[in-house]
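Okay, so here's the structure we're looking at.
Per-chain residue numbering starts at 1, and chain names A, B, C and D are given in the order in which the chains are listed.
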């Protein structure tokens, strides 16, 4: 839909963000921090930050919008973007586009689908995408790491959360299990460890909510003076975020919030109101599906207040 | 997003529909008609009809827009609507909201989830919803059959495809298997056969593409002078159609078309451009996931041409 | 192995049975009675009876060897015997011979195997066998109900546990789910309810441990003056009892006891020492796999003491 | 059962072996050689060798009884023996004793069982056992490799099939997937590669049918002048071979042959007639379950002719 013309009232947005931040302050259940990654478990679960960048270029923030956190699975969105830019529809020969619908055991699906991960936002899918990125020729202008791509989008260098990186480099056996299974089916060109390295690196990238919102602008409007190709890519990535972006809580999130979004176990969520806004939110307490509890709640209230749901 | 203000240019829409109908005429692969239901298998797979009703009230049609077909699983949308009107969020105690992610064997999920179907658009989910509808008090104004609800929405009586009804009444052992499994977990209040009867009836309702588009108007705009409650209901049903509406091709459909939609094995699809249009399309040839092949293609082209994707 | 010549010392057997009964009396954990069938749940879990019939014709009993109990799944052994007598190897076109290896959800396997149950000792397997028995011509001498077959083997009429029969007739939705699934794959010739009736009846047959041991004699030695055919049938049924007879505890039972055996949730177990003894044991407390806890322990001790394991 | 007294008539055995070898020579379907391991696929599938060692010490051979072949999964029996000698029942805390009942995807079970393999004869089970063997103290007399154990049993050095070893060392991604999954659940003490090395080595051990039969003597009679402990160990390993020894054809094998046995994809089978005989057989053509087709047939005929089935 031609939403580009929709104007966001900045005053109204500022008031909405303020109200949301206020409400987060009085909530008493924050979920649990990811306990499977040491670096994360030490963080207080009641911390909260939000940033909204509008199509018009305004940035509205609230709470700890400049606190960096490991983006974890949100990095899968950017890895997929680079792969689509380099390989186009070839990507879909090696990874599917359907929600996994599986609470825990994606490895089951992976075996059933003969090494073709259900979508690029589950771990084996992102591992296969990482394998593809290793095949981009050094001469191509899409030959960038996820970290370089993010620096370009945000306009400043981005860091790595060392604790997360070190921890995940030396564990991650479940991911290695899935990588080996993909390789056993011929869906990994490079050695497992060669693929795991950039995969772990991109998960450990640290961004603030403000930086995350800036990084997502190309999904809101296809980029600055977007080509049809760029707008199509944005639309497609948005569709995948909506159907597959929140692990086994994707249907729930669509139902409650109604925006394409991708979460990470670091507590971050990137959400897109197509043509209108790019939103970064962070709060480290997670719900049972591994999505930020306060982050989801804040997005639900903001989208409701601003009328941003894509569903009407 | 406040899309109500978006005006559809009727001329442009007429030209788009015409173009889509023309393109369908030269396609040579039409998929296969559903062979598991006798009534359906006799139909030519290249038949095609489409109807678009706009927010402004205009109706634009193309092809065999007045040919009736069994709506089959599209009826699940209307059954869910009645259940939500009567029971509100209580519905979600007995049925989930996540995509099933399972190519064939939803019975596996059903067992894993202890008789709580993954969502209301897979067969066991709709069977549980049918069970709920039997509990609506005779005095309630939501005490309507799906058929009565549709007659109200469309403004004319709606018929039943007798062949489909007779065939499905005397077979449907897989559905009975799932109904019994739900009952074994205590998630069916009524006898299996008492629930199967209205379930089979609603699947056999015959509508034309035009009638289907009219029936979907309340999902486009929440209804005539909608209350907040009605708009919320529409938004929620739309979100479920987008994540779960096309069997195991829901992710694919969101990726290609970008609209909330529900398909049936009779070849029909109801698609909603929130705030803008309600679309009924029909062509009996199905793709591997059981969705109308030409119907999906037509919606993809129409949404692209009109810029209706909810994803930007 | 030519074990027919092995002589059981009756004195030693009597002393062994007495010792086992004594040990059972001082055990303090008895497992839980089957709570999913009302008639059963009222029984004290510490009750215990045992009977051993030797190849030589002697009967040695201990505890409550004349107390009747519902044989439940043990009836599957006799149903299979009748089907093999009538149809020979044709049976194996409709039911497999492999352990199910599935803690709970045999319905998953059933779907994966397209309606062919993994073996005749899981519920859907026995339901398919019951369907076969309905096709035995009235003129055939194998046209007997399981109950009539048992009366012949034991030499006296056998009764039905009415409570169990009534309870299971009006519930059993999980079994009906599996029967419908078999039917949806074309592996049930008769109507679901027509098959469920004799299935439920045979499960409710009430035998004492003594009667059960007498009923199993044909598996110990192939019957009185057995033909090669009868001995082959006994050997085959024994092999299935060993690999598939104790639900998901079959490997454990083979490991500990080392005898072909079939258990029922009524607390009974029929065990066979080929060529040597037929053993009936009963104690209603069940372990986590649904097998009689004291019954298994008693068989383990008796087999150890008498050197009866088939494994050396 | 006290089968030790059963005397095997050597003349009869020789005649039975000769007859079996003769019959194998006229069979025209030999199954397919394992194609997933290069070294094996080059072998003619009609080759056949057999050796029987009796409790009395006689050896009777037929066909190519001295042709070495990679024992592959048969090595799992010997690895388990070493682990049981060193750790006793502690073994069962890390690996189960139930048939897997799963045609292909043992990784599913592995995830469902939280990294505890269903039994020691599926690949992940043997990998966990290999991990245990790395923890046997250098001082223990059970601190032997499988290869050293076999040399002791047979009384001569045993070799390695280099082609098989090299091939499997550099592939085996599915096994590495399962090893990583075990490690992710904390059920692997050592690094994946440190465990894979001895695992691959033991699979590549090359024995002839004659050597294999000699190696299995301790399972026939518990060893020379066996202690109760040794006889118990033999009995237990035999029980596991019977319920879990032939992949997803274990029930079928018990039904047809009626002996504890373990097969390998190299075409070998070790079968035990407890107290009577240890049998090694080899023919590289495999059936659909990965078991030697001629090998199974030969054992079926030999057991039938000699009356060796443990089931009567």
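Observations, loosely collected:
One rule holds for everything that comes next: contacts are C-beta pairs under 8 Å (C-beta built on N, C-alpha and C of every residue); 3 or more make two chains touch, one makes a residue touch a chain.
Predicted model, so just to flag it, every value in this text is computed and none were measured.
Common partners of subunit B and subunit D, by the touch rule above, are A, C. More C-beta pairs in contact connect the chains of C-D than those of the other pair, out of B-C and C-D.
Averaging Cα atoms per chain gives one point for each, and the point farthest from that of subunit B is the centre of D. In terms of their C-alpha centroids, the spacing between subunit A and subunit C amounts to 55 Å.
Centre to centre, using the average C-alpha position, subunit C and subunit D are separated by 30 Å.
Subunit B and subunit C have Cα centroids lying 49 Å from one another. Residues of subunit A in contact with two or more other chains: none. Of all possible chain pairings, those that touch are A-B, A-D, B-C, C-D. If you check the complex, the residues on subunit C that touch subunit B are 104-105, 107-108, 111-112, 173-174, 176-181, 183-184, 192. The touching residues of subunit C, counted against subunit D in their complex, run 1-3, 6, 96-102, 109, 118-119, 219-222, 231, 234-236, 238-240, 242-244, 248-252, 254-255, 258, 260, 272-276, 307-312.
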